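Letters A, B, C and D mark the chains in the order given here, with residues in each chain numbered from 1 onward.
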Amino acid sequence: MTNQTPLRAAVIGAGYWGPNLARNFRNGPDWDLVAVCDLDAERAAKVVGGRSTVEVMTSTTQLLARDDIDAVAIATPASTHAHLALAALEAGKHVVVEKPIADSSRQARKMIERARELDRVLMVDHTFCYTAVVAKIRDMIAAGELGEIHFVDSVRINLGLVQADVDVFWDLAPHDLSILDFILPGGLAPTGVSAFGADPIGSGQSCVGYLTLPLAGGTVAHIHVNWLSPTKIRQMVVGGSKRTLVWDDLNPQQRLTVYDRGIDLDKMVDGRQKVAANVSYRLGDAWAPALPEREALGQMAAEFAASIREHRPPRTDGEAGLRVLNVLEAAGRSLAGNSGLTPADSMAQVNV
Amino acid sequence: MTNQTPLRAAVIGAGYWGPNLARNFRNGPDWDLVAVCDLDAERAAKVVGGRSTVEVMTSTTQLLARDDIDAVAIATPASTHAHLALAALEAGKHVVVEKPIADSSRQARKMIERARELDRVLMVDHTFCYTAVVAKIRDMIAAGELGEIHFVDSVRINLGLVQADVDVFWDLAPHDLSILDFILPGGLAPTGVSAFGADPIGSGQSCVGYLTLPLAGGTVAHIHVNWLSPTKIRQMVVGGSKRTLVWDDLNPQQRLTVYDRGIDLDKMVDGRQKVAANVSYRLGDAWAPALPEREALGQMAAEFAASIREHRPPRTDGEAGLRVLNVLEAAGRSLAGNSGLTPADSMAQVNV
Amino acid sequence: MTNQTPLRAAVIGAGYWGPNLARNFRNGPDWDLVAVCDLDAERAAKVVGGRSTVEVMTSTTQLLARDDIDAVAIATPASTHAHLALAALEAGKHVVVEKPIADSSRQARKMIERARELDRVLMVDHTFCYTAVVAKIRDMIAAGELGEIHFVDSVRINLGLVQADVDVFWDLAPHDLSILDFILPGGLAPTGVSAFGADPIGSGQSCVGYLTLPLAGGTVAHIHVNWLSPTKIRQMVVGGSKRTLVWDDLNPQQRLTVYDRGIDLDKMVDGRQKVAANVSYRLGDAWAPALPEREALGQMAAEFAASIREHRPPRTDGEAGLRVLNVLEAAGRSLAGNSGLTPADSMAQVNV
Amino acid sequence: MTNQTPLRAAVIGAGYWGPNLARNFRNGPDWDLVAVCDLDAERAAKVVGGRSTVEVMTSTTQLLARDDIDAVAIATPASTHAHLALAALEAGKHVVVEKPIADSSRQARKMIERARELDRVLMVDHTFCYTAVVAKIRDMIAAGELGEIHFVDSVRINLGLVQADVDVFWDLAPHDLSILDFILPGGLAPTGVSAFGADPIGSGQSCVGYLTLPLAGGTVAHIHVNWLSPTKIRQMVVGGSKRTLVWDDLNPQQRLTVYDRGIDLDKMVDGRQKVAANVSYRLGDAWAPALPEREALGQMAAEFAASIREHRPPRTDGEAGLRVLNVLEAAGRSLAGNSGLTPADSMAQVNV
C-alpha cells in the first residue's frame, strides 16, 4: 500500500456523530468511504446522500466480512463499542471509536489487548485533541512556555437534554479529560478524584457535575460540566509559573490568550502583603497566537490514516481512552461515597 | 436627630480599603466624616488630603472616647475586628466592619450579642450586595422570575499576592458567600460543605480553592476562588427552572444577561434522548436589563445611615456576616479532613 | 412538476464560491445536482468529489444544451455574468447569479428584461439576505419595532488581497448594499451618493472605502469597507426612533442586540441641555433574540426552488441586483469627481 | 519655586467637567487647589464639599486679581473660553482650557499669541491624550512599530441629548481630532475635509456625523460621531504597513490589540488574486500590551504643572487646540457646501 492509494473506510452508526465522520472520511486524499452502516437503512441513506455510490448497509456482520474495507469508524452508543470494536479487530479492520472508548475499563483493556495482539490500530476519536487550539496548548506546555503547571480549570456548560443511560459526567467530561490527557506532559494521572453531582430537576441523573483532580506536585485540575445552562460556556484556564492561558472556545476571533505574567515568587515570599489597592486589570502583556481554522475531525481522520500507514499508535490511542475511562469510573465511586462532604450537622453546630 | 443632620462618622484603618470608605462617608448628605484614624499618621493624613478639616487620629481609644462621633467604619485586619468593634459598641457607636466580620464565629456571635444588648447597629460591609446587579438578581429571584434555583456557580479569579495570615478562601470567598446569602431566598444555608485547596507554588496557603455547597432541594452552589491567574474572571451563573442568568462583572456594557429558557421538563422526561446534532448556541431570547452605574460603597454608606435612623437591622447585618463565617469555618474543617478525596490507590487499582 | 421531484441544477464555476453552491444544491429535498462545469476539469472534479455520479463538464455550451437541467447557478467572475446568464435564459434555464449581478447596469437591465420575456426566474445570490439575523432585522423594521429609521452604519473590514479587476467597493460593498436593499422598507433608494476611496499601498485600486448614502427623510446609510485590516469587523448599527439594534456578525453567541431606548424627543426639545455627567453605559434594557443557526446558502437555494415552483420572483431578484449596481456605479462617478472634498487650500488659509 | 511647593490653582466653572478638574487638582503633590469659581455659588460649594478650606468664589474678576493663584483651569462653555483665558493670561496666570480651545480659530490664534507674548503656558485639556492607551499608540507609531500608517478609523457613538449651541461634530469630534493630532507623527494635517451630517430627528443640528480627512501619502482618517445610539461604541483602528491596532475603549480587560500582520505587498503585486476561500479569522498573532489603569485627568494636571515648572509648551498646547479647531471649521464649510454629494438625479438616470 502506498501513500497514493486511499484507505477504504466504513462508518458504523448514522446517528448524531456518524454524518460528521462520513463527511470527513469522504473528503480528502487519505480515505475512500465505501459504506455507511446502520440498522436504520433510511438514516444511513440520508447520510450517503444523492448521486453517490457510497453503499448503504444494515448488517455489521456483512460489513466486517468484506475484504475491501481497511478500517471502520464506530459511532454507536458507548455500550456497544466494545462488542463492535472487538468484532472489527477480529475481522482485521483498523478501528476508531467514539468517546468514551467503552462503558467499562475492563472492556477497554480487552480492546487494547486484542488490538495489540492482532496488530491493528485502535484509536479513540478524542476530537478536541485535533483542534488547532489544543495542539497549540500542548506544544506550549511541552516547550515549557507556561513553566510549571499550577492549575487547570475547565468549564463546559450548555443546554443538554437529560439522557436515560449516562449522566453529565459521562456525557461531557470525556472532552475535558481527553484534553487534559493530551496536554499534560505525563498524560492524565490524578492522585485522587472528588466528584460532586447535583440533580436539581429530579431526573435520576447528575445534571450538574464538578470533578476535582489533584495532580502530582500540588497541581489541581478541576472540571465543571453542566447540562442545565441555556447559554454555552466553553472555557479552560491553564495556569503556569511563567504564563497562564485562557481558552475561550466560543470566541472564534481570539480563542486563545496567553498572559505573560504569573506570580512573582520572590516578591511574594518576602512581602506576603496584600496587593495594592489600585490593582490594574492585568499586569502583563497578553498574546493571542494565530490559529488556523480547520475542521478537527478532518485532522483526526488524517491521523488515523497516518497511524495505519506508519504502523504506529495514533496520538489518541486506546490507552488514552482508558485513562479517561479510569477517571470516569473513579468519579462514579466518589459519587457513590457521598462526595466526601463535611456533614451538614457540623454546620448546624456552629450556628447561633 | 432628624434626617436633615448628617451622622458623624470616623474611619478606622487607612490601608487598602479605608480610603474608599473615607471617600464615601465624605460625600453625600447622609454623613459627615469627622476623623480618620490609623496607627500611621502619615497614611491617615494622605487619606484626608489637603485643605481639609477632617481630623487625623492615631489612637482608637481617644477616637472612641469622643462624643461627636455617631458611628465608626472599621477597615483593619480581620483579626482585630472583634476587639475594635466591641470597644466601639461599648462606647455607644454604631459599627460597620469590613468582611469577614471576624476571624472566628465565636467572636462574631459575641459582637452580634453585644450590639443587640447595647441597641447599636452592627453592619458588615458586604459591598457587592449594594451593587445594582446584585440587587437586580435578588429581586428577580424573589419575584420568582428564575423559577426554582437549580445551581449557582461563581468564579472569582485574579492575580493576588499570597498573604501570610489568610488563604484564598478567607480572602476572596466572602464576596461570593455574602452574595449567595443576599440573593438566595432563605439566606446561605448549605446542607454540607466540601472544600478543596491547592498550593502549587508552595506558599503555605491555599492559592486555588473550590467550595461545593449543596443546598436544600438538590440545588448546589459552587465557588472557585483563585489567586494565581493573571487575568480576572468574575462570573456568576444562576440557573433556574424558568430562566438562567449570567453575571459577567467585567463586562460593564452588559453585566447581566438573562436567558429566557431553562430545561423543558416534560420533553425531557418523555424523551430522554440526546439533543439533536444541530443545537444552536442558545435556544431562547436573552435579555440584558439596564442597570444604573453607581458606586456600591455609596449605597452601603446610605444603608448604614438608614438603618441607624430607622432603628432597624441593615440589609447586611451581623447575622449575615456570621453565616458567611460559618461556611468559611466548615470549609476549613473539610480541608483538614482531606477534602473527601477518593484515594489515589483506588485509581491505581484500575490502571492497566 | 410536483413538489416531490427535485429540480435539476448545474453549477457553473468551481472557483471560490462554486463549491459552496454545489454543496447546497446537493443536499436537501429541493435540488438534484446534475453537473459542475468549469474550464478546469480537475477543479470541477475536486468539487464533485469521489464516489459521486454528479457530472463534470467543461463546456457551458454543452451544459446549456442539455434538457435534463432546470436551472444553473453561476459563480464565475462578474464580467462573465451577463453573457452566461443570458445564454442560460435563452436555453430555458432558470438562473441564479453571484453578486454583483453584472459589471454594468446596462447588462443587468438586459438580463432582467430577457428573464421577464422568457418567463424564467432570475435571482441574485445576495447570501446575507438569507441569514436568520438579516431576516430578523427585516421583520423588526417592517413591524415598526424600531420606529422610524434614523441611520444605518455598516462596517465590513478584513484582510483581503488586492485584486486586479475590482476595487474594495465592488468586492465588499455589494454585501452591505444588498442587506440595506433587503431590510429598508422601500428598498435601497438613496437620494445621493458620496464615495471616498483610499489606496495607501499604491495598488492602483481603492483598498479603503467609505460610502455615504442619504436616504429620504433625513436618514443616512454609511458603509465602511476595508481590505487592509488584519482583523475582521462585521458590524451594522440600525438606529430607530424607538429602538436601535447592533448586529455583530462575529459574535455567534449574541449576533443581534436590540436596545429598547432611543432618543426621547420631547425631553430633548424642551431641555436642549447636555446630558448629565454620570451617564450610564446604557439607559434601557437590551434584548438579544434567539436566532437559529442555519446555513444561509441552503436557504437561498430553497428560495430559488420555491420561486421557480411558485412562479414568482425570488426575494432577491434581478431588480434588487440592479439597485445594488446602481449605487456602485454612482459611487464610481463620485470617486471620479474627487469625492466632493473641501479643498485643502481652504484649510491652509485658516492655519496660523 | 521648587518642585517641593505645589502650584496654586483655581477651577473656573463647576458644571459638567469642573468637578473632575477640581478632584484632580486637589489630589497629588503637584497642585494646591485654592478656589472653585462659578456664578452659581451653591454649585461651586457642592464641588468643594464639606470639611474643606477650598474657597468658593463667584467673580472671575476677583479670582484673577488674587496673587496667590498661579494657574486656572477653565471649564465653561466654549463661547466664553477666549474671553476668560485672555483675561487670565493678562492677569499673569497660566491657563488650561477645556476642548475645544475656543469657538473660532481667530480667537484661538489670539490666545496663542498673547500666551507667547506674556510667557505663560496655554494648554488645552485634550484628556484622551493623557490616557495610557493613547500614549502607547503614539509611542508605537513613533517607534515605527506599525510601519507607514495606511488608515485611521474612529467611531464614537453614544446616546447624547441634542444641544442648542453645538452639533455632534463640535461636541464629540474634538476627542478624535485631538487624538489624531497627538498620535500622527506630523500632527493633524489633512489635505482636505469632507463632512456629512444627518439630522433625522429634526433637531436643527447634525446628530450623526461623518468626517473624511485625506492625509498626505494616500492615507485617510475617518471619524464617525453619533448622538443617537443607545449603546456606546468607542473604537479606533489604526492600520499600518507592518501592524494594525484596534483600540476598544469599552473593553477594560483588553483595550488595545495589536495585530502582527498587515498586507504582504510582494505577494499582492505578483498575484493580484482573490484570497483563498477558507480565510481564517486572523492571519497573524495578536498582542495586547499591558496598560496601567490611571486617571487621565491626573496625568493632564501633572503635565500642566511640569510645563509650567520646566518652562516649556505642554504636550497639548494651544497650537494643538488650533489644529483641531481648523478641521472643525473646515467641516462646517463642507457641510454648508452640500458635503459634495453626487446628486440624486444622476442615480435616477440609471434606474430602470
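Throughout what follows, a contact is a pair of C-beta atoms (placed from the backbone, for glycine too) under 8 Å apart; a residue touches a chain by one contact, two chains touch by 3 or more.
In this text the structure is predicted, and so the values were computed from the model without any measurement.
By the residue-number overlap criterion, the interface of subunit A with subunit B counts as same, with over half of its numbers used by both chains. With centres computed as the average of Cα coordinates, no chain lies farther from subunit B than C. Our note on geometry: subunit A versus subunit D, Cα centroid distance of 51 Å, whole angstroms.
Note on chain placement: the centre of subunit A and the centre of subunit B lie 36 Å apart, centres being C-alpha means. If you average the Cα atoms of subunit B and of subunit D, the two centres end up 39 Å apart. The set of subunit C residues touching two or more other chains comprises 231-232, 250, 252-253, 257, 260-261, 281-284, 286. Residue ranges of subunit B in contact with subunit A, taken from their complex: 15-17, 19-20, 105, 109, 112, 148-151, 153, 155, 157-164, 190-196, 198-203, 207-208, 210, 212, 214, 217-220, 222, 224, 226-233, 237, 239, 241, 243-244, 246, 250, 257, 259-263, 265, 267-269, 271-277, 279, 281-284, 286, 319, 322, 326-327, 329-330, 333-334, 337-344, 346-347, 350-352.
For subunit B in complex with subunit C, the touching residues are 252-254, 257, 260-261, 278, 280-293. In the complex of the two chains, the subunit A residues touching subunit C come out as 6, 26-27, 32-33, 49-54, 231-232, 250, 252-253.
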